[in-house]
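Notes for the one structure printed next.
Order of writing sets the labels: A, B, C and D. Residues in every chain begin at 1.
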Amino acid sequence: MTNLPGGVLAPVATVFGPDGEIHEARFRANLDFYADSALDGVVLLGSNGEFATLSTEERKRVISLGTEAIGGRKTVMAGTGAESTRDTITMTKYAAEQGVDYALVITPHYYKTRYDAAAFKNHFLKVAEASPIPVLIYVMAAYTGIDMASNIVIDLSTHPNIVGLKDSGGNAAKVGEIIAESAPNFAVLAGSANFLYAGIVLGATGGIVALGNVAPQQCADLYRLAKAGDHEAARQLQLKLIAPNAAVTSRLGIAGLKYALDHVGLNGGRVREPLLPLTESEASYLVQTLDKAGIGKVA
Amino acid sequence: MTNLPGGVLAPVATVFGPDGEIHEARFRANLDFYADSALDGVVLLGSNGEFATLSTEERKRVISLGTEAIGGRKTVMAGTGAESTRDTITMTKYAAEQGVDYALVITPHYYKTRYDAAAFKNHFLKVAEASPIPVLIYVMAAYTGIDMASNIVIDLSTHPNIVGLKDSGGNAAKVGEIIAESAPNFAVLAGSANFLYAGIVLGATGGIVALGNVAPQQCADLYRLAKAGDHEAARQLQLKLIAPNAAVTSRLGIAGLKYALDHVGLNGGRVREPLLPLTESEASYLVQTLDKAGIGKVA
Amino acid sequence: MTNLPGGVLAPVATVFGPDGEIHEARFRANLDFYADSALDGVVLLGSNGEFATLSTEERKRVISLGTEAIGGRKTVMAGTGAESTRDTITMTKYAAEQGVDYALVITPHYYKTRYDAAAFKNHFLKVAEASPIPVLIYVMAAYTGIDMASNIVIDLSTHPNIVGLKDSGGNAAKVGEIIAESAPNFAVLAGSANFLYAGIVLGATGGIVALGNVAPQQCADLYRLAKAGDHEAARQLQLKLIAPNAAVTSRLGIAGLKYALDHVGLNGGRVREPLLPLTESEASYLVQTLDKAGIGKVA
Amino acid sequence: MTNLPGGVLAPVATVFGPDGEIHEARFRANLDFYADSALDGVVLLGSNGEFATLSTEERKRVISLGTEAIGGRKTVMAGTGAESTRDTITMTKYAAEQGVDYALVITPHYYKTRYDAAAFKNHFLKVAEASPIPVLIYVMAAYTGIDMASNIVIDLSTHPNIVGLKDSGGNAAKVGEIIAESAPNFAVLAGSANFLYAGIVLGATGGIVALGNVAPQQCADLYRLAKAGDHEAARQLQLKLIAPNAAVTSRLGIAGLKYALDHVGLNGGRVREPLLPLTESEASYLVQTLDKAGIGKVA
């Protein structure tokens, strides 16, 4: 692994038991499966890992469990962003100590009316300076309301310890602009399987895709077809993955992702409230969509 | 104090020292001042209290310090909302133990694409059931992106332990609709001094207003003039307070509020990053605006 | 009538016949009724007058029919805004020739990414210079996506021929800010019955309210109670009017307004496509809401 | 030309003279140049053709002038959408009579709170039924506020006279979803040069791109490289065109496009108010951006 992250990573679900606590054995079992899968790595504590409803102690536990379970077999990235700069630095250092390869730092977002270019630059530069491991910027506008402007990303890309961006917006023009104007060796990763192929043809180094949790082989195949220049096969696969991807992300959220995990033979289980489980009709729509795309048992 | 919260409360700033940690003596000094002021109460851990960048331990410390400093002289409300339902309940119980009078529970907001009416109702009902103290719903769309629909608030108003709403949006139609259709004894509080008077004439019981931190007497005067039916005086005072209110909230944010605190002789100090201090021109605009509105030394 | 417009005006519906053309006799009949009602005036070619789907010729016809039908018995305002500055001027001059008292000029909105303060100021100043009659600015963010910033309105308020603002947003803080800082003799009119009372207590001179089409007496009563200082009666009436107002505006739109017109004995009739008529369940919700608020036959 | 529109079309600027009227000779000269260029066609009365500020008579004149000037040498598409269904049909029929090949029909957008799936379907189906020529749906969310949902487009794609979509949003996931699920022989065209390459690899048949006005050869080259499978060359050209494309669209709008037209030796001239000309610093930024991308004299 070099400093330039790429390939296909899954932002893994955090698995809870019936008591609502992290179910360590089941979480480890999923990770063990991914470590031997076609994926290039995992992301701990992404949005799909329900980081937002985990306590600080739980976030640390996910990091230590996760790095141990992967055991160096794949790249491990971890979401270490908090609302404050200082808590972000603390968690990033903890992740580095535990052997995490990259820190994925979400844009702070609560006091959004005052987070201008100066505030974002100061935040990410301080985190990057303090971090023992390379940092990626994480833009997730659908949840944070922050669609960080391209020129801020481009400016930050010149820092040697800010090595990439995960953008979940799917805007081809923005991805293209950042690839065109960012520093060399700055990696752009697609934040969803629905624009993995378009991202790669523009120059993205890969993707961090929720669908990789339940269809790791298909997502990895899409990446490899695109990189190999087998464009018509890649296009066909990309189009096929759009509906199941939407089902486990924008349409049904994490409850959909976890239902799908159970469906394919991995560990999903319950979501943490205020998230609610799928309704029956949502579940049946999901299963139908997975079936139609040929996504079934993996384990 | 009855179950129906009202009057004018200030969402107090959390005071940090030069080391970036909570400065207990200065925080206490502010609270001691407010306890003897014209205000009806304080809110700990509101958005202006920078709750979003405080750790769980710090939040607890603010609650215990705050209740102790006020010492029963005024109503104490505390922001106890977290992204997860369970952490919200834990913090609400802690607040109750420490003697807080009301829990102010912000709408969860991260996984917003899945937070529908069912999710919000389940969240607030579970918190209300578990809480030893009365609960108010806190809607702060500018920061959270969640402008909870009136009908959800109206439905929740029928729960005996959900006693009110703080809405920071300033939409007179929405405030009117909720007052018209919510359960009797459900209190609506204006979330900003800029619509305190309009809110009161529609039936709001008062307000939680950032400007109360720096101009407690004027804010309390506005409330009392409006309640006493001295409408022309209330109107004139309301119009006068709009510019300084904007300066310490929407225009300059918490850095503006803290600068103004220092300016009037209370303790403001630094903001926590990623928030940045005022620029020189912002500071000079602020001072000019306060001067023009006759807001000066209070302590 | 002075240069300062006020009181309660209804933005009248444009009545179409079964052939989809303007039904002149029915339109005139409505206007004749309003001319003898408690209203202070009418607005032709407002959003509720379906100006956006009328051709230029039809707009002219509505103006000539409307001024003739009112015959000087009430104030007549007309929506004369078009996307281009020059077409706005042409229609404004036409309205003046026909005896219209005030031109209500909506913010241009199509090329919104380039409509900055300079573009808006240039537009409204050129229209005001060219217009033989006083001009009001019309802000209707829900339809146009343009919520013109307060400071632009405040700057424009100093022009002697820009005499007022109709704002349909209902934001009490914004209304207050504009009243506080605009030129003397600049009239602010509430753009919806749901904040007519709150607007008046802050200093609005009245309102242009769709509900005035179907409940002219109640809307006029609300205005007069508020102006007379009978605040508790005004408050009660305001709260009562919120649900029927929402029904004929934000919830059901012009199809709701026209259904309600027929219901109260005036002429409503069909909407012009792409607007569609109410569904059965919408119609039954509407009738129930009107009944509950005591809004029934007027003619 | 078949029923499936594709290739690269320029949405041509409407040229005004010093008197603010359409300058027919200069407009014709531009079209004559495009008719012999590498472009596959032109679009009259697109957003970049300032259709929104043209009168009905002027729109007709642009259509008759445009079809005559092109004289069958290239595909001619025309924007025929109006806010009302009936005016859209009238203009579409006129365009057909004048020899226009395709009608590009923008989503109606003024009464947006009532434009649901039923309203949009009714509108487009009625227009398609009445139109003598094939119809394309035009989604332009940045100007209209309407980002029509994929499923509505997909449903409409089954009508034999609705043959395509121009989407200006650049969202790769949405473009992919529509390509995957729309009827066979439904053409998706990229609405901006900044995602022309990404669109084509996903299956778009081409694009309607403002940049084609000033850099027709480069835009056509990009299309042909992508179709020919010369992906690395296409990618490099795509990245190079992003900055000049942004300059003449999202950043500087039509004033930028027209300044650029003059710069490359075609006819640009003034914009119609309320649009304003470029400031000096905008103009100098534009020229620098064009130079850097190698976009210079074409005529």
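Methods note: contacts are C-beta pairs under 8 Å (C-beta built on N, C-alpha and C of every residue); 3 or more make two chains touch, one makes a residue touch a chain.
Everything numeric in this text was worked out from a predicted model, so none of it was measured.
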Separation of subunit C from subunit A in steps, with touching chains one step apart: 2
For subunit C and subunit D, chains touching each: none
Interface sides of subunit B and subunit C: same vs different residues, half threshold: same
Maximum centroid distance from subunit A, chain identifier (CA atoms): C
Subunit A and subunit D: spacing of chain centres that average the CA atoms, whole Å: 36
Separation of subunit B from subunit D, taking each centre as the mean of its C-alpha atoms, in whole Å: 49
For subunit D, residues contacting two or more additional chains: none
Full enumeration of touching chain pairs: A-B, A-D, B-C, C-D
In the complex, subunit B residues that touch subunit C: 169-174, 176-177, 179-181, 192, 194-195, 197-199, 201-203, 229, 231, 235, 238-240, 242-243, 245-246
Residues on subunit B engaged by subunit A in the complex (per definition of touch): 20, 47, 52-56, 83-87, 108, 110-115, 118-120, 122-123, 126, 142-145, 250, 252-255, 272-276
